[in-house]
Structures are given as C-alpha cells and as structure tokens.
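The first chain written gets the first letter, and so on, giving A, B, C and D; residue counts start at 1 in each chain.
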Amino acid sequence: MTGSTTPRAPRVTVWNENVHETTEPGVRARYPDGIHGEIAAAVAEHVPDATVRTATLADPEHGLTEEVLAATDVLTWWGHAAHDRVDDAVVERVQRHVLGGMGLVVLHSGHFSKIFKALMGTTCALDWRGGHDRELVWTVDPTHPIAEGVPSPLIIPEQEMYGEFFDIPAPDELVFISSFSGGEVFRSGCTFRRGRGRIFYFSPGDQEYPVYHHPDVRRVVANGVRWAEQRGVPRRAPELHRRATGWYEERER
Amino acid sequence: MTGSTTPRAPRVTVWNENVHETTEPGVRARYPDGIHGEIAAAVAEHVPDATVRTATLADPEHGLTEEVLAATDVLTWWGHAAHDRVDDAVVERVQRHVLGGMGLVVLHSGHFSKIFKALMGTTCALDWRGGHDRELVWTVDPTHPIAEGVPSPLIIPEQEMYGEFFDIPAPDELVFISSFSGGEVFRSGCTFRRGRGRIFYFSPGDQEYPVYHHPDVRRVVANGVRWAEQRGVPRRAPELHRRATGWYEERER
Amino acid sequence: MTGSTTPRAPRVTVWNENVHETTEPGVRARYPDGIHGEIAAAVAEHVPDATVRTATLADPEHGLTEEVLAATDVLTWWGHAAHDRVDDAVVERVQRHVLGGMGLVVLHSGHFSKIFKALMGTTCALDWRGGHDRELVWTVDPTHPIAEGVPSPLIIPEQEMYGEFFDIPAPDELVFISSFSGGEVFRSGCTFRRGRGRIFYFSPGDQEYPVYHHPDVRRVVANGVRWAEQRGVPRRAPELHRRATGWYEERER
Amino acid sequence: MTGSTTPRAPRVTVWNENVHETTEPGVRARYPDGIHGEIAAAVAEHVPDATVRTATLADPEHGLTEEVLAATDVLTWWGHAAHDRVDDAVVERVQRHVLGGMGLVVLHSGHFSKIFKALMGTTCALDWRGGHDRELVWTVDPTHPIAEGVPSPLIIPEQEMYGEFFDIPAPDELVFISSFSGGEVFRSGCTFRRGRGRIFYFSPGDQEYPVYHHPDVRRVVANGVRWAEQRGVPRRAPELHRRATGWYEERER
C-alpha cells in the first residue's frame, strides 16, 4: 500500500519494429529517431521520473531478454510490417511477464501483433482506410486517469481510419471513442486486465502521419504508461495451488 | 427454463407523453397516430405474437396503474417536453416493477425522464444539436440479440445530434455507437440490468424527424422489446431476508 | 430477427477426452456412458429439440473435423488428464469456429484446456483441493437466462474445491459464485463474448463425484447450451476490411 | 496529468450517523470514539497526508453543508438505524457532489442509505444474519489498487453475515468476494463510477463486532479512500450542452 505515497520511478521499455523508418525515407523524415524515439520522448516529457529505454526487432532477442523484461515496469509496443518476424519465444516471454504484472501499452497497428492477439484471444481485426481522415477522440470515461488533462475531443487533423467492428473482448474500461471524417467510429482507448497485468490499447498513430508529435496524443500515451505501472506487484504469473483445508489459518501463524 | 421452448407472447405497453403530437401540426403530420402509435406498430410488425397497448400522459395515472404494469412484460418510454409532469408516485411504481422484472425500453429524449434518471442514479446529461446531422449507428457487439438483422452502419439520413459525454453508468453491454455528420459520437444502444429487470436505451428518434418510420430503427426497437422480456420471472423486487444458519437445507425438505 | 420466433433445433456436439472413464473402473462405474454420455443426456433432457452428438479424443481429429464444426451450433468441452494430447491444429480450428459464431460451453477442469486458455489469453490457474467439500452455487445475476429455473443456492453435497484467485479476464457476465465447506469462493459461472461467439464456463463437475447426475447441474449445462446458441449468425470470424470513403452508401444501392 | 507526480493530500470527511454509539453502552465500549472516530483513525494511519474531519447526523445539516462538501475530496458513509432521518436535501447535495467528482466510500449497512440507493437505482437489498459467522474476504482482482497489501483471504473472526442476492447494478470492478461460515457468499468489495465520481462499497463492519479495529479492514478502507480521490477533477456534475456544428474547432482558437 506504500506504493502510492513513495515517489514512483517507472522503468519503461519502448519497443518498435523499426522497419518503416529504416526502409522508407518519408517515414524517416517524419520520425528521425524512429517511432520508438518519439514515444520514448513523450514518456520522458510527461513522466519525468521514468527511466526509459528502447528496443527494436533487429536487436538480439528483439531486445526483450528475460533480464530486460524483469527490469521493465511497463512495455510499449509498436509494430506493423513485421509482426510475423517477432519470435514466438519472445512473445511467450512477454505474455508471461504481462500476466505476472508488467504493464503493456499497445499502440495503433500493434492491434495485429502476436502479443496482443495472444492476450485478447480474438482476431483483433478491424476496418481501415489510408484516406487522410480527420480523427476526433472523445472521452467517455472522464474519471479515468488515462483521460486526465486530455481535451474532448482530441483533434487529429490527418489520420489513417480504423473502424468497427474491432474484434476485441469487451474492454474492462472504455476510455475513448473516435470518429473519422468518413463517418466511422472506433473504440480507440481500451483497458484490459489480464493475470496480474494491466493493458492499455490506444489506436491513434501511424507511420504515414505525424501523430506521435501531437501534444495530446503524447499525453495519452504517457498517461497510459503511468496507469499500467504497478510498483507493488511481484513479477509472478498466477499459478495452480493445491490447498489443504484451512490452509489460510496456517498462514496466519 | 421452459420459457424458451414455449411460444412467447410478450405483453407490451408503449408509453408516450403525446405532447408534441397534440400541440404541433408538423409533428402530428409526421406521426398521425402519435409516436406511441408508430412504436406500437413497429413492435407489432416484428414481434407478431406480442400484445401491444398504448398509454399516455393524459390518461388517468398516465395509464400506468398497478393493474396495467402487473400485466406488462415490457414497457417502452418516450417523453421530452413534459418529464416534470409525470407523477412521482407513478415513477416509483414503474421503478418497482422494473426492479421486479418488467423490461424497460427507453427511447431518445427519454434519457432525461424521471424513471431513467432514477434507475441510472446519474444526471443522464449529454450534448445535443438540432442540426439535421446524418447519424450512422454502428454495431460493436455483433453477438447481441438486439443487433440481430440490423445493418452496420444503420444509416439515418436526418437526425438530432446526441453527443458524448453521456452521463450514464458504464452500460452492462454496449451494443451500438453512433457518429454524426458534425463528428460527434454517442453510445446509442446500451443495456443495463437493475434488480430483476432488463433495460435497453436506444437514442435514435425525435419528434422533428421521421426516425420511427425507418425500417431498421423499428427493428432495433422491436429487438429491444424482445430482449427485455423475461417470461419466467415472478414480478417481485428483491427484498431484505433474514436467514438462519443453514436455511437453504430447510428449503430442500 | 426471426430466430426467436421460429423453433430452434440447436445442433450440439459434446466433447470429452474420455480418458478417466476408459482407465479407471471407479469413474466408469460412475459414468458408464462416459462423462460425454451424461452431458449429452442432460442437454437432450432440457433442450428436447436439440440434435446432440458426441466426440472424444480418440476419434480421428478428435472427432472435430471441419465438417463437424461447421454443423455444430454449440460445442461443450470436458478435459482433464490429456489436455496436452489435443492437437494444436484442432484447437486452432475450434477457436476459429468460436470466433465465427459457434457457442462454447467449457466445463470444470476444461479451464486448463488449450482452447480455453487460447480464448482467454491468461493462465486460467486456480486453487484446488480434492477434499469432499460441499459446494454451494449462488446466483448473482437473476436476470440471466442461464440462471432460469436454478435454485440459489444450488447444493452439491460433495465436490472438488476450486478457489480464487481464478486467473481469467473479468467475465462479461458473472452469473454464479460458489462457496465451499473449506471457506473458499469461486466465480463458478461466467460468460465471455469472443469474436462472434459466446462462451460459458461452469466449474461444477468432476470425474470423482457424480456431479453430472445432479438435476440442477444438468439444467445449468443445458441452459448454457441454449444461451450460447446463435442460429442467425453466419459462421465467419471477423476479418480485416479495407473500406473506401462512403463504402456504406455503395452498399445501399 | 500532474496530479500523480505532486504529493496528494486528500481532504476526507468521515460521516457516521452515530446513533448506536450514543444509545448502546456495548457499542460505545467497542467504539469509544464512535465508528467515525475509528474510521478516521484508519484513514489517518494509512493515508498520512490526508486531512480528515468527521461529521454526524446530529450536526446541523448533518455536518454536510455545501461548504464542507466543496472542500471534501472523499466522503465515507456509515449508517444503519437512522437512514430515514437523513434529510432529503442533504442526500441530493451529496449526490450532486459525487456526480461532480467527489469520491464516496460506503461502508457495511450503508448499503441501505438513501445516498447509496439513489446512486445505484436499485433496492440494494440483501440477505443477512447476526450469527457470529467468520467472514473470509477473497481478492478476485489482484491488479486493483484497493487490494494492494491486503491478504487473500482477509480473515474476520466474527461478523454479521451479508449474503447474495445483493441487489446492486453489476459493479464496474469486483474486487472482493466474501464467504461466511454458514456458506453464503457476498460481493463485498465493489467499485462504481457515477458521473465524474468514484464510489467504493465495502461490506465488512458492524456495530456489534470490532471489525473496524481489524488491521486489514482498516487498510482496505484507506485504500478505498485513496482510490476514490481525484485531485484534478473540477467539482461540476455533467450538464446538458447545446453544441453548434464544429464547436470544438472554435475551442481551439
């Protein structure tokens, strides 16, 4: 219970496949430090006590070794072109850490990542269009910490469209709903609890648009990181326990 | 458990304040039989085994006597200009019946009715505009019986805008989300369980637009009536019970 | 929307690993027709219009070929000793059918089946004890069709204990909570929607106790089958769609 | 978003009807400073930066004037014998403040208070027994801040029994489930969001048992206070807004 009173200094790992940035000049111009660099800067800006590192697909074990994950309170995930190149063993490791209490913030096209699909159990399919829509992100849960300080609507002048039906489990909390110029709607900010971990999915963000430079989008990502962090939780996925009758009385002694 | 196998013949009471229709020629022209007449026809069309009656504000006890409610499986509610003229004793009676198992379908401006506010516990406030927006109603829970046979999006060419933040408890099930030409979004189809009763709120529909003539809107309203009906439930609100140790074993004998 | 008015005749496939019954005389004496035989009889008893078939681990493709699943409205699942022997390709096939609209009723030790874990995304771990506890199953959602006709508490004189923490996503609907003589509690009746499919998990039932002969347990299992069935849904998992601006207007023509 | 980084010093008002303590020597002996005194001490113990005041039924306006509520971040509520003597105008004022963002922690027999019933919309009825049961409180949401540092089960040697069916809306988050020696179960720790406010209901606690001296119970109450507090929220219940087309663009200028 002391977690809330002591200063928190969450250890954040920002993961990015970093494929578009290394192969497409336009994307590199938009995100000179990579999308991971921009996400890391957004977290550092709004969570000044955080320790932020980055990791990418090209790193050994994608930069997500057991040691890194054990020292990560919240992992953010961006992927798009190379979901299939993420090693299954790494996905299982990340899933185990999430179920053990590590926070996970999944961004935009990460909806189709192996790790998100494994945690959701569904196809995570959606409708989409690269049509320069304007996206409006409306807060529908104003009590949620992730919505703190975020205008409603949050206005993104140009965006890829993501539309319903979005095949996810009903979220534990629906924080944001987006509309697009074309009339589509999308559950764009959703939380899920899985095992001992907290997951936040936030859909705005694309390699073709400067969305991660948007000050309000940066705030939401950082709020999500802060919300997903749980300092007090020992990193241990739930396990099967055989219990004798009255086992809890034993515990008391 | 036999409810599902025997033919159901839900007894439906369609309530309408019936004020606009009796004071505004334009509304009367649009709804010559009153909004209640149109809702009743929609239910009869899609739930052919239903017994449908109507009741209005001007009726003695607003047509919602103890006898009528006791013989009603599902009540639909439309009100707007005269919420304050609904008698508190009738509101309490309706609430008691809902908590005892009567279904309730609240339509459009009924969000501000005394009965809906009493059941929600919140202000039920929202944003609005009479601006001839086009409304698109998107299904976000395709497994829900209320969405059965309904296209996504359901297109309403002209409508009053209802926008977030809509101050309701998080719905038990979010079935529909709407967008409007102006960019606003709204949780337009929501279910709630209260006591032993089921409640469906559906926002499309206004006295200024011919929304209740729209074939898909009619289907949704009728689906809502069917969903809210629970034949097997004795009409009795939950009560305080003092229980002796092992009372349930007594019951078995 | 006609699904509810036409007679339903759900096609049910009852799956059982059928290992304890074929290797342990005590279990065979308790369930001479196998646990699948008893489950099938319970469904037939309470859903008389159902077409019920059974399938077991030893059948080719475990009896769950594409053809069988395509002709199955609801699949029930019982497994315990041989979860690991269920072929991954069959698990993927079942998951695809559930996401496409097939109902799934997971029973007791099926919480640790590959299919349930894949759909939940969590460990599905729990506490347990083979200690001849009495289990009381309390209804906490009296409006739910699965609770229809079920006494609260439902009393099971002797049972294996399943206790919290049960590592599942927060259920969409919590229908039953159990207590055990030893003082433990368990979320024993839970629903989940995944993709276009409905899932019901019900924990009572074990090879060591005659739980599936209990009249109220049989009723719950049959209610679950009836609830999980969705006649009107085409069997198709959600897919990615690229949408042109205004695509839904095209649809109208 | 700065709320989480700056030290929080929640202003807490502990309300108690204070009737049993002033009329029954046994209760006074158990709670010499009143139940409110004990609750206040528990909050002060675990939320050392909090400013805690108390208020009781006998105070003018029950101690809950507009000024007091405007300066209260979280209100805790204990009542039992005198629910009906709470003035309706005060109840409406408290409800308005909750919907405007004030946290509310409702304890034990407070389930039947006017304010809780008004916010829930249901009867809030339950089963009960004054039978010296042992209560075990099990955590079913280990990621929830209210469960932080709380053993599962939390063991209360002697307690009044509260059992299902508890007529509340399905909670937004179910944190604790209790069992009793008599076999009953109860959703004993529930959260609800209403308007801009957060509500926590926690059932353990009775005037006839020393429950509020229990170290783990005190921790839960304090965790609930901390969770319900929202520093950044302006105290304003949601309101109806008429919006011109494109109103949010105006806002930007």
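Criterion: contacts are C-beta pairs under 8 Å (C-beta built on N, C-alpha and C of every residue); 3 or more make two chains touch, one makes a residue touch a chain.
In this text the structure is predicted, and so the values were computed from the model without any measurement.
Peer 1: Using only Cα atoms to place each chain's centre, name the chain farthest from subunit D.
Peer 2: When every chain centre is compared against subunit D, the largest gap points to C.
Peer 1: Could the interface between the copies subunit A and subunit C be described as same, meaning over half of its residue numbers are common to both, or is it different?
Peer 2: Same, since most residue numbers here occur in both copies.
Peer 1: Take the average of all CA coordinates in subunit B, do the same for subunit C, and state the distance between these two points in whole angstrom.
Peer 2: That pair's centroid distance is 32 Å.
Peer 1: Hey, how far is the Cα centre of subunit A from the one of subunit B, in Å?
Peer 2: 37
Peer 1: What are the residues of subunit A that contact at least two other chains?
Peer 2: In subunit A, the residues touching two or more other chains are 136, 141-142, 153, 163, 165, 170, 172-173, 181, 183-184, 193, 248.
Peer 1: Provide the residue numbers of subunit B that touch subunit C in the complex, in ascending order.
Peer 2: So the residues of subunit B in touch with subunit C come to 1-5, 8, 46-49, 101, 136, 141-143, 145, 148-149, 151, 153, 155, 172-173, 193, 196-198, 219, 222-223, 226, 230, 232-233, 248-249, 251-252.
Peer 1: Hey, which residues of subunit D end up touching subunit C in the complex?
Peer 2: 134, 136, 138-142, 152-153, 163-166, 170, 173-174, 177-181, 183-185, 187
Peer 1: Which residues, counting only subunit C, touch subunit A once they are in their complex?
Peer 2: 95, 99, 118-123, 125-129, 131, 133, 161, 163, 165, 167, 169-170, 172, 181-184, 192-195, 237-246, 248
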